[in-house]
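Before any comments, here is the structure.
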Amino acid sequence: GELQAAFDDAVAADTRIEPRDWMPDAYRATLVRQMAQHAHSEIIGMQPEANWITRAPSLRRKAILMAKVQDEAGHGLYLYSATETLGVSRDDLLDKLHAGRQRYSSIFNYPTLTWADVGAIGWLVDGAAITNQVPLCRCSYGPYARAMVRICKEESFHQRQGYELLLALSRGTPEQHAMAQDAVNRWWWPSLMMFGPADGESAHSAQSMAWKIKRHSNDELRQRFVDICVPQAEVLGLTLPDPDLRWNESRGSYDHGAIDWSEFQEVLRGNGPCNEQRLDRRRTAHENGTWVREAAAAYAAKHAADQDNAHEEARA
Amino acid sequence: MAAARALGDDALVLAQRLGEWAGDAPVLEEDVALTNIALDLLGQARTLLSLTGDEDELAFLREEHEFRNVQLAELPIGDFADTTARQLYFSVYQELLYAALADTGGALAPLAAKAVVEVAYHRDHAEQWTLRLGDGTEESHRRMQRAVDGLWRYTGELFEPLDGLGVDLPGLHPVWRERVADVLGRATLTVPGGPDRTPWAAGAGRQGVHTEAFGRLLAEMQYLHRAHPGASW
Amino acid sequence: GELQAAFDDAVAADTRIEPRDWMPDAYRATLVRQMAQHAHSEIIGMQPEANWITRAPSLRRKAILMAKVQDEAGHGLYLYSATETLGVSRDDLLDKLHAGRQRYSSIFNYPTLTWADVGAIGWLVDGAAITNQVPLCRCSYGPYARAMVRICKEESFHQRQGYELLLALSRGTPEQHAMAQDAVNRWWWPSLMMFGPADGESAHSAQSMAWKIKRHSNDELRQRFVDICVPQAEVLGLTLPDPDLRWNESRGSYDHGAIDWSEFQEVLRGNGPCNEQRLDRRRTAHENGTWVREAAAAYAAKHAADQDNAHEEARA
Amino acid sequence: MAAARALGDDALVLAQRLGEWAGDAPVLEEDVALTNIALDLLGQARTLLSLTGDEDELAFLREEHEFRNVQLAELPIGDFADTTARQLYFSVYQELLYAALADTGGALAPLAAKAVVEVAYHRDHAEQWTLRLGDGTEESHRRMQRAVDGLWRYTGELFEPLDGLGVDLPGLHPVWRERVADVLGRATLTVPGGPDRTPWAAGAGRQGVHTEAFGRLLAEMQYLHRAHPGASW
C-alpha cells in the first residue's frame, strides 16, 4: 500500500526511518532481533573482561579495563533504549535473554584465560565488531544508526588499547610474549566467525541488505578485517594461527584458510566452552538484584504518592 | 607522607572491591555507576600513592601488614545493601575529609579540591540508594538495617588522627554522625547503637592489622604482577 | 539420699562416673555445658585454620594443615558423641550453637591474618588447650575423660607441628621472621585468656573442682603454660609481647604482666573481631547442608522400608 | 614422565578444590571424609610430581598453561551435588586407571597399587552419596541430575591417551560408562545424553587449555609461595 511505498522510497533515498514512521512488521522484527542481540552482547560481553579487573597487573591497566567495561554497560544502555523505540521494553528483552530465547554474540562463550586475552579481545574482537558496526552507522533505522556512531567511536578506542596491551606483552619478557601469542592463537578463528556464515549460507543477509540494515556481505566484511589485521600482527611481532594466510596479488587481499564452521555451529548450539556459565551468571545477577529493583519501584511509588499529596494539599 | 599513603590505600582497596561488581549489578545503570565510582577512587589512589613512591610497587608488592587502609574499605562486597551502606559511610567521610583537606592549602589541597567534587557525587548516589532500600520494601528495609548495623563497628577507625594530614579528623566525627543519622532517619532506618570500634582488630587497619578477607583480596590483586617479577605491562 | 552418697563416694574414690550411673542434675548440666562448648570449639576452630589450606606455601605444609583440620572435625565427632551419653542429641547442641545459646572458645574469634598464624595457633592455642585438657583425661565423667585421652595425643602432635612451622619461619627470610613475630604478638595474650578469668573471678570453678571435672585452678594452669612457653620462645628466637615477663626465683616460675580482661569480656560479649563472621559461616554451612541431610534421611527411610519388606517377604 | 605429571596435576588440583570444603560440609562426618579424600589425592600428587621434578616448584611456580590436569578436576566445587557428581566420575576413572597401571608392572605400578586402595574408598563414598542424593528427596534428585548433566561434557577428556603411561585409556572408557551408568541407574538418575566433550576448550586441559576458574584457583594456591621467592617453609 501507500505506507509500504513511502517506506520503500525512504529506504531507497537513504532517508532515516524514525520510530514514529510506519515500517513493515518484518523490518521491525529484524531490527528488534538484531538490536537486542547487540545489546545483550554488550552486557554478556562484560563478563569475560570483568574477569580480569581484579587481577590487572598495573593500576594504569586496571583503570583502562574498568573504563572499558563501564563503556560496555553504557553501550548496553543506549542499545536497549534504541530497541525500546521499537515498542519493546528492556525488561522484556532481558527476560528473553535469560530464557535463552534471544541470542548474544557467540564470541563471548569463549573464556579469557590469561591477561593477554584482554588485549586479544580489544584488538581482534573489538576490531571485528568495529568492522561490522561502522557500516551500521548508516543503517536505515535512525535510533540504531545514531547509537552506532557513539559506540563505534568508543570501540575504536578500545581496539587501540587492546593492540597496545598486546604490543607491551609482545615486547616484554619471553613469558609475556608467549602469553600474547597464545591469546592470539585462541581468539583469531573465533573472531573471523564473528562475521557470520559465508555469504551462501547466511539466512537473513539478503533481506537486511535490501532494507539497508546491512550494507556489506559477511564475507566482504571478514575480508576487510583480515586485510587490516595481517599487517598489524606483523608490527605486533605475533603470528596469526593460519598457515594458509598469504597475500593474493591478483585480488589485492589476503587469502585465509578454511573456517571450521562445525565449531561455530556447536558454540551456537550451546556447546561452547562458556555458554552455560555466561547465562547462569547473568541470570544469577538478575535474580540477586530482584529485591533491589523491587525496592526502587516501591520507593518511587511512595514518593510519587507523596508528590501527589503535596499537589492535593496545595490545591485545597 | 604516611597520611597520603593511608588515604591512597583506602581508595585503592575500595576501588578493588567495587570492581568486583562489574557485570553483576542489580540494574545496568548500577554497572555504570559503581564502575564510575571505582574509577574515581582508583584515580585518587594513583595520585596519592604516586606522591609516596611507585604506584605499582606500592599496590602490588607490599605485604598485607604494610597496607594502611581502614578495614571498612576491605570488607567483602556482600549484597547490594552492604555495598550501599559502606558507600554511605565512606563517601560522607571522604566528602568531609577532602573538603577540609582542600581548605588546608597544603600539598594535598589541589588533589582534594578535585576529589571532593567526585566524592559529592558518590555520596549523593549512596544517599539515594539508602533511601530507596531503607524506605522501599520490607525486605530491602531489613537488609539495609542489617547492613548499616553490621558495618557500624568499622566506622570509628575513619576518624583516627592521621599524622601530617593537617586535618582534625576526630573533629569531623560529630558532623559525620549527624549527616549519616540524617540520611538513615529519612530512610526510616535506625542509627546503629553498638560500639563504633571493637578491641584488637576492628579499627586497626591504620596500624596494618586487617581482616581475614584482606589477604584474599591481595592474593587476587597482586598475583599476576608478582608472578612476573620485573615485567612491564 | 542414697544415690547422692554413692555418687559422692565414687567421686571421692576417683572412680569414673558412667552414663548409666545416677548423677546430680547440676553435675550433668555442668558437663553438658562444658563438653558442648568443647565440641563447638573444635568445629568453629576449623575455620581460622581452614582459611589457609588453599594458600599453604608448600605441599608438605598443606598436607599437615589438612590433616590437622580433619583431626579437629574428628575431635568434634568424639565430643558430640561423648556429650550424647548425657542424653542430648548432636542436632540439639548444634541448634543451640547456631542460636548463640551455647558458647565456643573465644580464641576462635580472632582472625588468622598470615600463614604464621597457623603456626602460632599450633604452638600457643593448642599448647594452651593441652595444658587445660591433660588434667581432663582424669575427669570424673568416663566418656569425657576417654575422649580427652585420644584428643590430647593428637593435640600434642599439632602443637609440635605448629612450633616447627614457626621455627622454620623464624630461621627463614627477614620477612618470614617478621611474620612469625607478628603472629606471636597477636596470639600471646588471647592464649593466656584461654585459661579463663583469674581464680577469684571464676564463676564455676569451685564446684567443678569438687566434682573432679576440673583438677587445677585457672591461674595454676595459666602459670604452667607460661612456664612452658618462655624457654620455647627463646629457642624459637621470638619475643613474647610482655615487657613484664621475667623469672621469679622465689616462686620458681615466670611472672607475667597484667591481662587486659576488658578485651576478654568484649570478645565474650560478641564484640571480638570475628564473632559474627564465625557464627554466620557456621550457620550458612549448616543451612546449605539442610537439603543434603534431608536427602540422606529420606534415603535411609526408604532403604529401611525396603529391608523391612524384604524381611516380610522372606517370612511370607 | 609427562603422564606422571598429568596424573599428578589431576590429583593436586582436585585436592585443592576439595580442601575448600573444610569446615563447610553438610555434616561433620563429611568434613572428615572430604578432607580424607583430599589428603589421599594430595599424597598421590606429591609422589607423582616428585617423579618429574621438585614438587613445590611444580605446584607453585608453573603458569596456568603448564598444568596438564583435566578440566574436570579444576571446576569450582559448586554445591554438594556438584562435588558428589565430580567425585563419582573421577573416582570411577581413577579406580580403573590405577588398577590398569598397577598391572603394567612399570615404574608407576607400585604407586598405583597403593593408590587403587584409597581410590576404591573414594568411589564407594561417591557412590553412596550419589544414591542418597539421587534417590533421596525431590530437591536432592533435581540437584543431583543437574550436577551429573552439567559435568558430563568434561568426562570425555579423562580417556584421552597419555603417552608413556602404558595404559589403554580409551579402552577403559566403555567400562567407565557402564559403571557410572549402573550407579546412576540405581540412584534413579538418568545417564546424561549430551556430548562428553565440546570443541575448543572443554576437554583440552591435557593440552594446557583450562577454564576461567583455573586461573583463580592458581592465584589463591600460589600467591603466598610466589610472594616470597626462594623462601623455605
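As written, the chains take the letters A, B, C and D, and residue 1 is the first residue of each chain.
The rule we apply is simple: a contact is a pair of C-beta atoms (placed from the backbone, for glycine too) under 8 Å apart; a residue touches a chain by one contact, two chains touch by 3 or more.
Worth saying up front: this structure is predicted, and the values here are computed from it rather than measured.
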{"item": "Distance-maximising chain from subunit A - centres being C-alpha averages", "value": "C"}
{"item": "Rounded Å distance between subunit C and subunit D, as computed from the means of their C-alpha atoms", "value": "33"}
{"item": "Gap in Å, rounded to a whole number, between the CA centres of subunit C and subunit B", "value": "37"}
{"item": "CA centroid of subunit B to CA centroid of subunit D, Å", "value": "41"}
{"item": "Junction residues of subunit A, two or more chains touched", "value": "55, 175"}
{"item": "Junction residues of subunit B - those touching two or more other chains", "value": "63, 219-220, 223-224"}
{"item": "Pairwise touch network: line, ring, star, complete, or other", "value": "other"}
{"item": "Touching pairs - complete list by chain label", "value": "A-B, A-D, B-C, B-D, C-D"}
{"item": "Interfacial residue positions of subunit B with respect to subunit D in the complex", "value": "63, 216, 218-220, 222-224, 226-227, 229"}
{"item": "Subunit D to subunit C touching residues, read off their complex", "value": "12, 16, 19-20, 22-29, 31-32, 35-36, 38-39, 42-43, 45-46, 49, 55-56, 59-60, 79-80, 131-133, 135-137, 139-140, 143, 220-221, 223-225, 228, 230-233"}
{"item": "Complex contact set, residues of subunit A against subunit B", "value": "43, 46-47, 50, 53-63, 66-67, 69-70, 73-74, 76-77, 80, 90, 115, 165, 168-169, 172-173, 175-176, 281, 284-286, 288-300, 302"}
{"item": "Footprint of subunit A on subunit D - complex, ascending", "value": "63-65, 150, 153, 194-195, 198-202, 209-212, 214-215, 219"}
{"item": "Subunit B contact footprint on subunit C (complex, rising order)", "value": "48, 51, 55, 110-114, 175, 182, 186, 262-263, 266-267, 271-274, 276-277"}
